[in-house]
Amino acid sequence: MENIYKPYLAEITEIIDETPDTKTFKLRLKDAEVAKSFNFKAGQFAEYGVFGDGESTFCIASSPTRPDVIECSFKVYGKVTQALRRLNEGDTIGFRGPYGNWFPLEEQKGKNVLFIAGGIGLAPVRCVIDNVLDWRKDYKDITIVYGARSVSDLVYKYKLKEWQEMSDVKTVITVDPGGETDGWTGEVGFVPTVVEKLAPKAENTIAVICGPPVMIKFTIPVLKKLGFKDEDIFTTLENRMKCGLGKCGRCNIGNVYVCKDGPVFNYAQMKELPEEF
Amino acid sequence: MDEKIISKQNLVNFCKDIVANGHNLLAPGKTEYNLIQDPSEIVLDTKSKPTKASYKTFVFPKAEPILYYKRGKNDVVMLDAKVDEKKTVIFGAKPCDTNSFNILNKIFNWDYKDDFYNERVKNFIVIGLMCEYSDRYCFCTSVGSSPVSEKGSDLFLVPIDENNYAVRIVTDKGKEFIGAYSKYFTEGAPEKSKAAEEKVKQPEVAFDSKQVHEWLGKNFEHPKWDGVGDLCLSCAQCAFVCPVCHCFDLVDEDYSYTEGRRMKNWDGCQFGHFTLHASGHNPRDIQGKRYRQRINHKFKYYVDKFDEILCTGCGRCSRGCAVSIDIKEIVANCTD
Amino acid sequence: MKIGVFICHCGENIGRTVDCPRVSKACQWLPGVEVSLDYKYMCSDPGQNMIKDEIRKKKLDAIVVGSCSPHMHEKTFRKAAVDAGINPFLVEIANLREHCSWVHDDIDAATDKAIDLVRMAVEKVKRNQPLTTIEVPVTKRTLVIGGGIAGIQAALDVANAGYEVVLVEKEPSIGGHMSQLSETFPTLDCSQCILTPRMVEVYQHPKIKLMTYSEVEKVEGFIGNFTVTIRKKARHIDESKCTGCGLCTTKCPVKKKAFNSFEENLAYRPAVYVPFPQAVPNIPVIDETVCTYYKTGKCQMCVKVCGREAISFDQQDTLVTEEIGAIIVATGYKLYNIEKKPEGSMIKGYGEYGYGKYKDVVDGLQFERIASASGPTSGEFKRPSDGKEPKKIVFIQCVGSRDDSKGFSYCSKICCMYTAKHAMLYKHKVHDGEAYVFYMDIRSGGKMYEEFVRRAIEEDGVKYIRGRVSKITEKNGKYIVKGEDTLASMPIEIDADMVVLATAMIAQTEASELAQTIGIPYDKYGFYNEAHPKLRPIESTTGGVFLAGACQSPKDIPESVAMASAAAAKAMVLFGSDKLEREPVVAKVNELFCAGCFLCKKVCPYGAVEVKEMKDRNGVVYKEIAYVNEGLCQGCGTCTASCPSKSIELAGFNNEEVFAQIAAL
Amino acid sequence: MEELKKLAKELLENKTVAAVIGYQQVDDKRTKPIIVTTPEDASKLVFNEYCLNNLAVYLTKARIKNLAKQNGTTLKLGIVAKPCDIHAIVALIQESQLKREDVYIIGMNCHGVVKDYGMDFSGETLATKCTPCDSHKPLYSDSNLGEVKDTPKVSDEVLEKIQAVEKMSHKERFEYFKKEFDKCIKCYACRAACPLCYCQRCITDKTVPRWVESSPHSRGNFSWNVVRAFHLSGRCIGCGECERACPMDIPLSLLNRRMTETAKQAFAYVSGRSLDTPTLVGSYDVKDSDELFM
Amino acid sequence: MSDKNWEPKIVAFVCNWCTYTGADLAGTSRLKYPTNVKLIRVMCSGGIDPVFILKAFERGADGILVSGCHPNDCHYNAGNFHARRRWTFFDELLEYLGVEKGRLQFSWVSASEGKKFVDVVSKVVNDVKEMGPFKSYDELNSEFMTKFPDMPEIDKNMIIKEEEAV
């Protein structure tokens, strides 16, 4: 009998404090065999469990092209994330995954890529960015637009710096009005406004967008105005999940189980779904 | 399909043997299907009201451990939860109950396979019984079943006269099972059981599930959802007595400082917190939306995805509803 | 979270019965514990430095100290943690001394228990939230309620320190009961003579706003930030115009309609009156209930005689609000009225002594007026019934006091002394008079007090009889006092001309109403409760409200004055800084889930829970929820246990922390 | 019931109420709740021995409350209420869930209801909550309708059961309740049907920390049923809706009734009877018994 | 575990101002009581929720003591009065459900009653010892419990056992 609910054990090898309430864990699967054969694709997620407190769903934030370490980032909200926050380097957590579908990166080779992320929404996008950057020659222009409420809410500051320093990547970082600090050199303004100002060309471009629902709601019309096709706008849905296996029914919206049939959808697919995310 | 005959007395002996062989024997009581110790207590009554709860809890328990863990300072060990491999025989199940495994098999086995469910089903023998009960809430005939449907039964009983039952052998599993008890069975007379079946009054067909499916596809936004949502009290009685509702929750429970278990418990889509995100956002924030999800999931989404209606027409949810919300009536009104 | 565990041996105190090294080693295996050490004296400088060093070196997030009771050294270790950069609320103490080593003998069992205690503390500290001390601004103004000697003293002390004072007195004049007294024990100096200068000082003090004939109507807010509404009753005299000439009072034709309450009803007063000649302020009041004008619309004699046009018949009550930082309650006492049982009161009457029936049976304050040179008899001893000089007076002590059957079990404390004084004053004036005192015990603790009583007995020949009086009857203008001399074990009968009852000092009639207005607790007698009977006798349990004088319990003048000065000092301590710091152990409501049943509001002893309206984007109220006023909340947590949906949590002692401790048992 | 229909119609027409929460007939021995918002629909209202629901449960629902808000003003909500339902309304008012002026109580004189739909009304089928009932006329109402008839006299079944349980030993009692609670599937129908379980988030749904184990196993069920009974102690008005809603036939009234008796005996308090007395839970008396404490 | 060696597990929920301080006084006075009892401090007896009791039973407590300030002595004026009503109900309820009286006991112990604290604790311990392990609740607790076999491959860190740590 196979137990599909049984997680792998993973050791926390490093903890990075991104913001006061956001952390990044670097994980190593404890079973060497499993670790060796473990692979996933950009956009997939996993269930991270603290034994005694339960499991929580986050995307895998690291790139499949850099498989030796699994990274995840989470904002402290509920029971599990609070329990995760209490852990130290060297502690063991449960890891189930990878689950769900992924961004069709292979199919989109030869195109420009526009990344738009807000807040902790950079985590799933970061995985794709790193993946695309590792396959840099297969894609044309790469643009990253990232926004957060304030400077202290920006996650992956070390990554942002890295991307900004790359000559072949255009990185725009913005904070909401009022969130800037003295010496802030980036943009000030909401993500949709910044995207509109930036006006990336839509032709032969795919957009990967992830962030708070409000941001997505206002950014998509901007992209549509710029001429993006529905099929070229990708996002990941963040429904509440428990099993990750298409069983528990929690993430069912319309005809899909987000955990199995998603979490990556293009805008054309999303329009077909009832608005319950 | 083979058919045998068994006398009432032998039926009791048959059951006694089942118990004597160490199998679990279940039979319908008033509230739920009960574990039977003394088979002579079983009353087989085709006219009996369906139990308040279905028997899905015996294959998909209301609470089951799926994993045990023990924590150390940094380390954790896990221990698999075991499924009881005892054979379970359910005796006298209503046709509206028996179909449930066919429907549940789909969700528990598309893509990932839930062996907690599968192992139990594997060890389950369903002996169905023709049904002559019907009330305002029954609608098996509207969802493709009937009071004489053998769907999901391994063996199916039809009373043919005062003292005898026809036993239809529906599956190989059933055939194999009664092999060991062949002494109780005599050769069957299919024409008698046919005649008995034909006498059964079939509940009226209340709706056309295809039309309903079509209507649901077009009426995601509809004032009726809020109408019923305002009356519904948001409990999960309907989901938990339903033979095919299958949503669950996973929770960890410590039972000592270092040890604990991960439980798989029933959960219901009518609970407000079912889809509540940790951030406070709730995609289905009002009861109307949740009720809509319930109907859509049963009569549209599940049909689209698994080609089965997620409903057996047993009417339990309506019968038990504290505010008398009648699913049959609501679905029947899902037409233009 | 990295946690440090530090086990203190406390010399031998813990180490003798708890194997400290074993505890610290065992605790190394607890999840999250980064370092676990033990040391001889953790509270010593080297011990504290060890903690600080480890916090810095190992980058600890929280610490647990296994030591003595948190009531002992919690502050010490919190301070050490703060020095090393940790929030003070991420420090937990496992009580290994008072609750373990000192109460157990078995080393193994005690050590096991110590490990359990530390484990519980570790699990709690993991869930502790860093908290910051709450700062509240302070309004540096004091409200003194009551203008008796205690209120006067408190007001003067605070005002002299340079802070503004609002003094509220419900009577037309300040002065209180002390102004009614003739002479004071044990020095027999004239009460008025020592009090009047103080009253005048209050009146003229630039920092004191005096509001007589006024009552506190509403108190809102919390320590340092009260808003007080005061009702200024209509005097019907324009205070800005009145010169206090007193013409109106002498010309007022209403002569015998109203008793003079200052004279304890032994005399009459006109409809427009000043309570007594030395009143402060010296501004009359018109008594609507007896004034002819209010009955017939005619008379207006006072208007005619007043040269300043100060009479204002249509004056109304006005409400004044004051911003206040500290409140001193000095509302004093009243005497037990033995006439009949007050309605709805537990107090029973004292009918057997004929008070109210016999005119010459008077209480202590009435006798003070009779003895007073400014009183109705101008200091001549005349009995009320016929104005004759009494030749035989019986004084009865403990009338009501120390008498459970009458509803008071306490001792009124001052009666022994004032009865001795009364007897003495009488004997000084009426040399041939006889004074008898019935007493239970003589309680004369106090400087020069015992000597004073002895003087009454030995020098002035007052006859003390130990025993109770059972009945008083009238016979031919004499009062037959029947009692028992318990020392001689014989019944005794005295035919007195006059009887003086030393009735119990009880709380003011409206004491409980005022307490509810202010939000302070009171005992079953209506006396206000102090925060701690020994160590906080001046403070009420409500922050920023202090008690002075007899409103707290029966007191004599020097005690009242001392307490008033102490209360003033407490208020000034509060004003010592601009901001008030307090422990952030306060309750907080989860606004998302509060259903607004307000059970928390019902159970809160401090009225700290308020109603908050939740409005949607359009400003429409969609629900009412509870809101905790941090200034008022004292952090008891009764609300958290009452809340059915657990939508209110006590910071620092939240439920998750308790559960974590239970889980670690 | 013409007077009920007429009154409801009038109230809706003259905008006294925004809606009337009442009962409609399903078949001759069955009714169900209805929320009437138009004068035309008022004719659907009925009242008889089959009006089992305690409709007060709807008064705390946000969307129902919102019905009353029309064009910036707040109308009343009309409710057809049996005397026992009115006890729940009183308790809700005392617990700040409702204001007296926000609700128009159409108080029905009542002589009992049946145990379950489809039964003929008689002493035998009288709902167990009706046997000890002493309020056949509404305590508070804005209109009082219906005729007064005698309630069939039958023995107090629940009280007898409680007495039987109390005769058991501790161990037997624990076993008995464990067996009953084991049936629980945590559908929370009891909670949903209870007019006094109006919390926005029940204590059982709070996860940080986890107050009551969510699993429907023996321990989780025991905790839940203890907590439910405790939270209703001194508050339960005895409408019996929890027991009626329970799909697993757990005898919840054995708990509720027992605690109601405690409130009566220890504190002389019956919930939902008076708007003028403070609630038992949330007040105290220094003279409360101290017997329990060493 | 044989009954002979069995030691009851007792939890006491005590208020910070009276009983906790009273227990401190018991310590300062060097009075002795059994080690079975562990105190959990809350600010006021009014802040002790009945669910705490259930949780403690769930974690294997055999007996529980709830203790606060005497009536009228509450540091917070009235917390203990509210607690008294609450416990009257909860105690009745638990007893009705079959929990023996002595499993859950209540007391008022003031800061000056170190001796009383010792007496109360000793009484609870003795009562519970007499009643034996709380079998009824153990039955609830042991459902779905499993025993971890000794697993030699587990890292020694695994075991949180004081004895092995030494």
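So that you can tell them apart, the chains are marked A, B, C, D and E in the order they are listed, and the count of residues begins at 1 in each.
Note that in this section contacts are C-beta pairs under 8 Å (C-beta built on N, C-alpha and C of every residue); 3 or more make two chains touch, one makes a residue touch a chain.
Note that this is a predicted model, so its numbers are computed, not measured.
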Item to complete: In contact with subunit C and with subunit E at once: which chains are those? Just list them.
Response: B, D
Discussion item. If each step moves to a chain the current one touches, what is the fewest number of steps from subunit C to subunit D?
Written reply: 1
Worksheet entry | Between the pairs A-B and B-C, the one where more C-beta pairs touch | A-B
Worksheet item: Of all the other chains, whose mean CA position lies farthest from subunit A?
Response: C
Worksheet item: Just curious, how far off is subunit C from subunit A if you go by their C-alpha centres, in Å?
Response: 63
Discussion item. Centroid of subunit B to centroid of subunit D, CA atoms only: how many Å?
Written reply: 31
Discussion item. Taking the mean of the C-alpha atoms as each chain's centre, how many Å separate subunit B from subunit E?
Written reply: 44
Worksheet item: For subunit A and subunit D, what's the span in angstrom between their mean Cα positions?
Response: 49
Worksheet item: Which residue numbers or ranges of subunit B touch two or more of the other chains?
Response: 63, 71-75, 81, 249, 251, 254, 257, 263
Worksheet item: By residue number and range, which residues of subunit D touch two or more other chains?
Response: 201, 203, 208, 210-211, 213, 217, 281-282, 286
Item to complete: At least two other chains touched by the same residue of subunit C: list those residues.
Response: 29-31, 592, 603, 642, 655, 659, 663, 665
Response to the item:
Here the pairs of chains that touch are A-B, A-C, A-D, B-C, B-D, B-E, C-D, C-E, D-E
Worksheet entry | Complex interface listing, subunit E residues touching subunit B | 58-60, 141, 144-146, 148, 151, 154-155, 157-160
Worksheet item: Which subunit A residues qualify as touching subunit B in the complex?
Response: 1-7, 9, 11, 49-56, 77-78, 81, 90-92, 94, 213, 238-240, 242-243, 245-250, 252-255, 260, 274-277
Practice prompt. Quick one: which bits of subunit D touch subunit C in the complex? Just the residue numbers, please.
Written response: 62, 69, 95-97, 198-203, 206, 208-211, 231, 278-279, 281-283, 286
Item to complete: Using the touch rule from the top, collect the residues of subunit B that touch subunit C in their complex.
Response: 71-74, 254, 257, 280
Worksheet item: Along subunit C, where are the residues that touch subunit E in the complex?
Response: 22, 25-26, 28-31, 69-71, 95, 97-100, 102-106, 109-113, 115-117, 120, 521, 523, 529, 541, 585, 603, 605-606, 634-638, 640-642, 650, 653, 655, 658-659, 661-663, 665
